[in-house]
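Here is the structure we will look at, set down as structure tokens.
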Amino acid sequence: MPTINRQFAKYSFVLLAGIILALIFGCTNDHPQSPFDAVGPVSESQALIFYIISYAGIVVFVIVMALLAYFTFKYRKRSENEGDPEQIHGNSTFEIAWTVIPALLLIAVAVPTINSLWDTTVSPEPDALVVRVTGNQWWFRFDIPELGVVTANELHIPVGEVINIELDSKDVIHSFWVPKLAGKVDMIPNNENTMWFQSNEEGIFYGQCAEFCGESHALMRFKVVVESRKEFDAWVASQLLDAIKPSDPLSQQGHDLFMSSEAGCYACHTIRGSQKAYGEVGPELTHFASRLHMLSGIMDNTHENLISWLTDPDEVKPGNIMSKNASVYNDPDKVLSDPEITALAAYLRSLK
Amino acid sequence: MAEATASNHESEHQTTTGLNHRKILMWVFLGSDCMFFATLIATYLVYKGKSLSGPMPLDVFSIPVTTVSTFVLLMSSMSMVLAYAALRKGSLKGYRTWILSTVILGSTFLGFQTFEFYEFANHHVHIDCINPVDLTDYEQGLFDKNCKDGVDHYDAQHGLTPKTNLFGTTFFVLTGLHGTHVTIGVIWLMSLFLYSFKKGGVTPERHLDTDLAALYWHFVDVVWIVIFAVVYLFGVFEGFPS
Amino acid sequence: MTTLLIPMIKRPLHPTGIWNWITTIDHKKIGLLYGATAFINFLIGGIEAILIRAQLSGSNADIITPEVYNQLFTMHGTTMIFLAIMPLSAAFFNYLIPLQIGARDVAFPRLNAFSYWVFLAGTIILHSSWLFGSAPNSGWFSYAPLTSVAYNPGHGMDFWIVGLQVLGIASLAASFNFIVTIINMRAPGMTLMRMPLFTWMTFITAILLVLAFPVITVALIELMFDRSFGTNFFFAPAGADPVLWQHLFWVFGHPEVYILILPAMGIVSEILPTFSKKPLFGYSTVILAGAIIAFMGWLVWSHHMFTVGLGPIPNSVFTITTMAIAIPTGIKIFNWIFTMWKGSITFSTPMLYAIGFIVTFTIGGISGVMHAMSSSDAQQQDTYFVVAHFHYVLFGGAMMGIFGGLYYWFPKFSGRMFSEKLGKVQFFLLFIGQNITFFPMHFVGMDGMPRRIYTYSGEMGWTALNALETSGSILVVISVLLFLHNIVKSWRSGEEAPGDPWDARTLEWSISSPPPEYNFEVIPEVHTVDEWWARKRGLLGEQSPSVGSNEKGEIHLPQPSFWPLVSAIGIFIGGYGLIYSYPVAIVGLVIMMVGVYSWSFEPVNDPD
Amino acid sequence: MAMQNINKASDSTKVDTSHSEHPSAVTYFKVAVALCLLTGLEVVVFFFEWLSYGIIPVLAVLSVVKFALVIMFYMHLKYDHRLFSTLFLTGLFLAIGVIFALMALFGWFNAG
């Protein structure tokens, strides 16, 4: 029986080791939310600390496990009539050693950690561009006050510049996290936070709310578009324009519906340049069609996706305020017809 | 409560420390109850001065009244300890007298608290617009808002309830839970008083029953000593001392 | 009035069958009740976990709705922590503490029964939220303001609040009891520094508990008042700071983590010496390390809040205090390993669990230090890396220790031996299964997967590892079923167990298995740590214990009582009253008062 | 002053260390007088507006003295087994620590 067990143990350890190795080599850093693929000073500093403590941890783990494995093998009971071993009660030298050595090791890793903590928390350029981010169930509002830009779920920033972020929430606690740019900081009502980051590479970086915030927490995502200063300036200029007026009958019909009291979209959404759409409950839509993604970054901004959203928002993002509060969704008598939805979509898709 | 009254008539076994089980239990419970009140007091302090609207402590507190009720509670502690001393001496009559005094004093304290809560909830503001004297910040705010030309006084109900502001919330829940402790104590002592009429119910040999109630009662008293200083007297400061 | 009631309800002096269990105040029976109830809860929590894993097994899976998913992870956490691990530890406390310190029962036997029944009440209240259609859904730490009526209508959170309050009463009552028992019921000669390690860890756990639970009690009262009476504790528009809830929760929550793990550490500290045939290496160091861990548990709570924006100064302070906890934890691990040094090790199932515990707990400990690094923690907080960490500590640590303890003391509980072969297979299945389940979580976490999401899209690259985790969880399920099979079968028809099947070291092994109702015929006199080992080996020399006269006739055991149960029923009814209707709560209060009064005036033993 | 008197009083009381170690009713009465005087003092201090923030240490000291008087004499901690003091003070000191830690975390002691 013991041999069976030992063989079983051996195989299982081989299996386990195989899995661990597969994991380590299989874990790539080109996934969209991997913080290892750091592109800015904040995430780089955090990744460095992670590497330091990981390697220290692996070394400690290997030593401890080697000791454990050696002892279990060496001191296994060899025969049934083996006598009692020496009753050793302790050894002060050993015990002092494994108190002092870990303490020194911890001090050694504490220094760079605290250093990195201050670097990553305190902005090096307090006067740099400020972006105000407001959390809502379940989308992000972005304001750049000094440029007058307001947008939702898709933030553009210039490459190579420090960005200061101010975080706030309108309802529950959310958390702002773009793994490749910086670790997360919570967005708490009545308790504003700040953070900073900088991207040294152009590209589109994924972000996600990291604090559980209710039913559709999993669907609260966003994108950060990092572009050259020139592209950024162009983007700002385009965002500052008023919304395009509808140019074809279908989008005109959608526009009228949007502004009508039957649909009531205008009450919650802003479309600058329109007569009455200045609601702030839902995301800003002035340049909706200029965004790559829709619905807090969970899907591409396409006609089909927009249709499915407008048809049954609760299916796409369960529990959202629009399907709860808008009469066209909570009152069966006022449901939008398919042509109406098509017209609305056409109008929204025209808002470049 | 249930913890504290557990197995009243534990027979006096020989114990490791030579101390009685129930008395150790009581002290562990009191140590634990310290954390209970610490959390409430911490909540009160953390929110001190953070209320967005009045009334603030100085608008509603009446230090003389609370001083009297504090005095009543301190006296109840004295009568409690005298009841215990009387029992140890074997004077059942003295015991009954003093423990009844404690019950009465404790109930008086609760009466004061009820009165205070009622007064706060129905707080009345009167501002003489022509000749305003000694306005608190809160009253000044009301003055600025309401005393326009031709108005010679302003009267209104500005009650403080647990819903009014952070001060109301933290104040009522802290003092209310203290009041709950006092109520439990009064019921406990009342039970002992009644039990003392049963033959053999309260005897010098079984002084521990009273000792435990007394420890609880004094603890409630010391908590009030802290509340009186921290909640009422620190009330002079509207906010943080910074 | 109540004095009139007592003669009307006859004391259950010689009950049999079911009434025997309902009115029992025997610590051993209560321990078994605790164990059985808690293990059922463990299975319920396991079912919840499996549903979670099923939903996450692939990207964009659509097995359960987001709302149910949120209820599942909330209830999974709450169940495993408050209804499974804590009461499983309590089962060991109940059964073993009097046996280990040489006592006939706990200090307050009726209070002990009360604890159990109140725990059962809390269990039913929490689980019944599923039946009432509104399980709590804000996570086990339920951050305000997501818990306010505005964002969380319905009764789910009310069930959570009331359930936790009721469980708090049970835990507090039990802990008061064990503190007094350990201080005051030790056999002659058993000084503090001769107590078995498990008793020591129980003592420290109980002290932590009585100091930590009042904090959550107040926090829950505040939350309840916010929800029910419109107070402003966590209401941001009135100027409140929702971060206060987080502070209060974690002031309780971090000591709670040690409340969960310290008993398991105690169990492992009993198993390792027994199967190495050596005393625990550095007995007093291990105790001291446990005490330091418990004390430091109060200095580190904000490490759960590194991303809350407390500022660099608090974060630096809590980084350092948290890292410092690694030192006493490391001391324990090295002392355990060196207990085996130069020993004579037998690899019975409990020993495999103890060794497995060291392996997985070390992983959890190291990932804990990784979390202490507040800088890089910003990338780990609220991701699956955290989920991996605390499952290594709570499953790989606490549950592994508890499984080891269940095997180790099974002969004592049941008087039967379990099947070693099944036990070993079960151990390896569990060990491998849990590593396959939880180890990849480190990687998906560091690949940016937040916790508490019910779905994720395929482009994230998390699908393969999640599928692997789910397959690992199936191994865990199989192994738990195997464990149940082994236990049930062995209890019915296992080989009869001798008093001391493992050649163990502490006093509980000096009596028969299962122990007689009165535990010790003669209260033993203690001369040393590992008293039973010293007696067996004749190490006490001249002082060798006298067999003593048979005092059996003089043993007075406390008699059973109805009143703890009645008081608990009052709390149970009162609990539902607080959720649904205050008049009912008053009825519950009255019933409880009747119970408490009758209990107070009922003598421990009716005069003969 | 009050403290000294009480100390003298309790010294003069014959303390029987073997059996009944509790002080006499006179001592209890003196403690009560001291408690009332201290409370009176607290209230008087409260009306000294010129003290400004200086009131905080004064009130703190006065209430700590009152607290100590009650637990030492009325709750007999001075005369009882040290275990009781240990159990209670563990909770008490932790409680004080938690209050101060939370005050610090919510900015009470920030510069100013």
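Chains: A, B, C and D, in written order; residue numbering restarts at 1 for each.
Here is the rule we go by: a contact is a pair of C-beta atoms (placed from the backbone, for glycine too) under 8 Å apart; a residue touches a chain by one contact, two chains touch by 3 or more.
Since we're looking at a predicted model, the values are computed, not measured.
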item: Distance-to-centre winner among chains (Cα means, whole assembly as reference); value: C
item: Separation of chain B from chain C, taking each centre as the mean of its C-alpha atoms, in whole Å; value: 35
item: Inter-centroid spacing, chain D versus chain A (mean Cα positions, whole Å); value: 53
item: Approximate Å spacing (C-alpha centroids) for the pair chain B, chain D; value: 17
item: Distance between chain centroids, defined by C-alpha means - chain A, chain B (Å); value: 48
item: Where chain B touches two or more other chains at once, by residue number; value: 17, 19, 24, 28, 31-33, 35, 38-39, 46
item: Chain C, residues touching no fewer than two other chains; value: 183, 210-211, 215, 239-241, 244, 251
item: For chain A, residues that touch 2 or more chains besides their own; value: none
item: Chain contact topology (line, ring, star, complete or other); value: other
item: List of chain B residues in touch with chain D within their complex; value: 17, 19, 23-24, 27-28, 30-35, 37-39, 41-42, 45-46, 63-64, 67, 70-71, 74-75, 77-78, 80-82, 85, 88, 214-215, 218-219, 221-222, 225-226, 228-230, 233-234, 236-237, 240-242
item: Complex interface listing, chain C residues touching chain A; value: 65-67, 70, 138-139, 143, 145-146, 151, 236-237, 239-243, 276-279, 281-285, 307-309, 311-312, 315-316, 319-320, 323-324, 326-327, 330-331, 333-335, 337-338, 340-347, 355, 358-359, 362-363, 366-367, 369-370, 373-383, 421, 424-425, 428, 431-432, 435-436, 439-440, 443, 446-457, 459-462, 464-465, 468, 537
item: Chain D - residues contacting chain C, complex; value: 83, 90-91, 94, 97-98, 102, 105-106
item: Chain A residues within the chain C interface of the complex; value: 1, 5, 8-9, 12, 15-16, 19-20, 23, 26-28, 31-36, 43, 45-47, 49-50, 53-54, 57, 60-61, 64-65, 67-68, 71-72, 75-77, 82, 84-91, 94-95, 98-99, 102-103, 106, 109-110, 113-114, 116-118, 120-122, 137, 167, 171-173, 175, 177, 179, 182-186, 188-191, 193-194, 206, 208-219, 298, 318-319
item: Contact set on chain B toward chain C in their complex; value: 1-3, 5-11, 15-17, 19, 21, 24-25, 28-29, 31-33, 35-36, 38-40, 43, 46-47, 50-52, 162-163, 165-166, 168-170, 172-173, 177, 191, 198
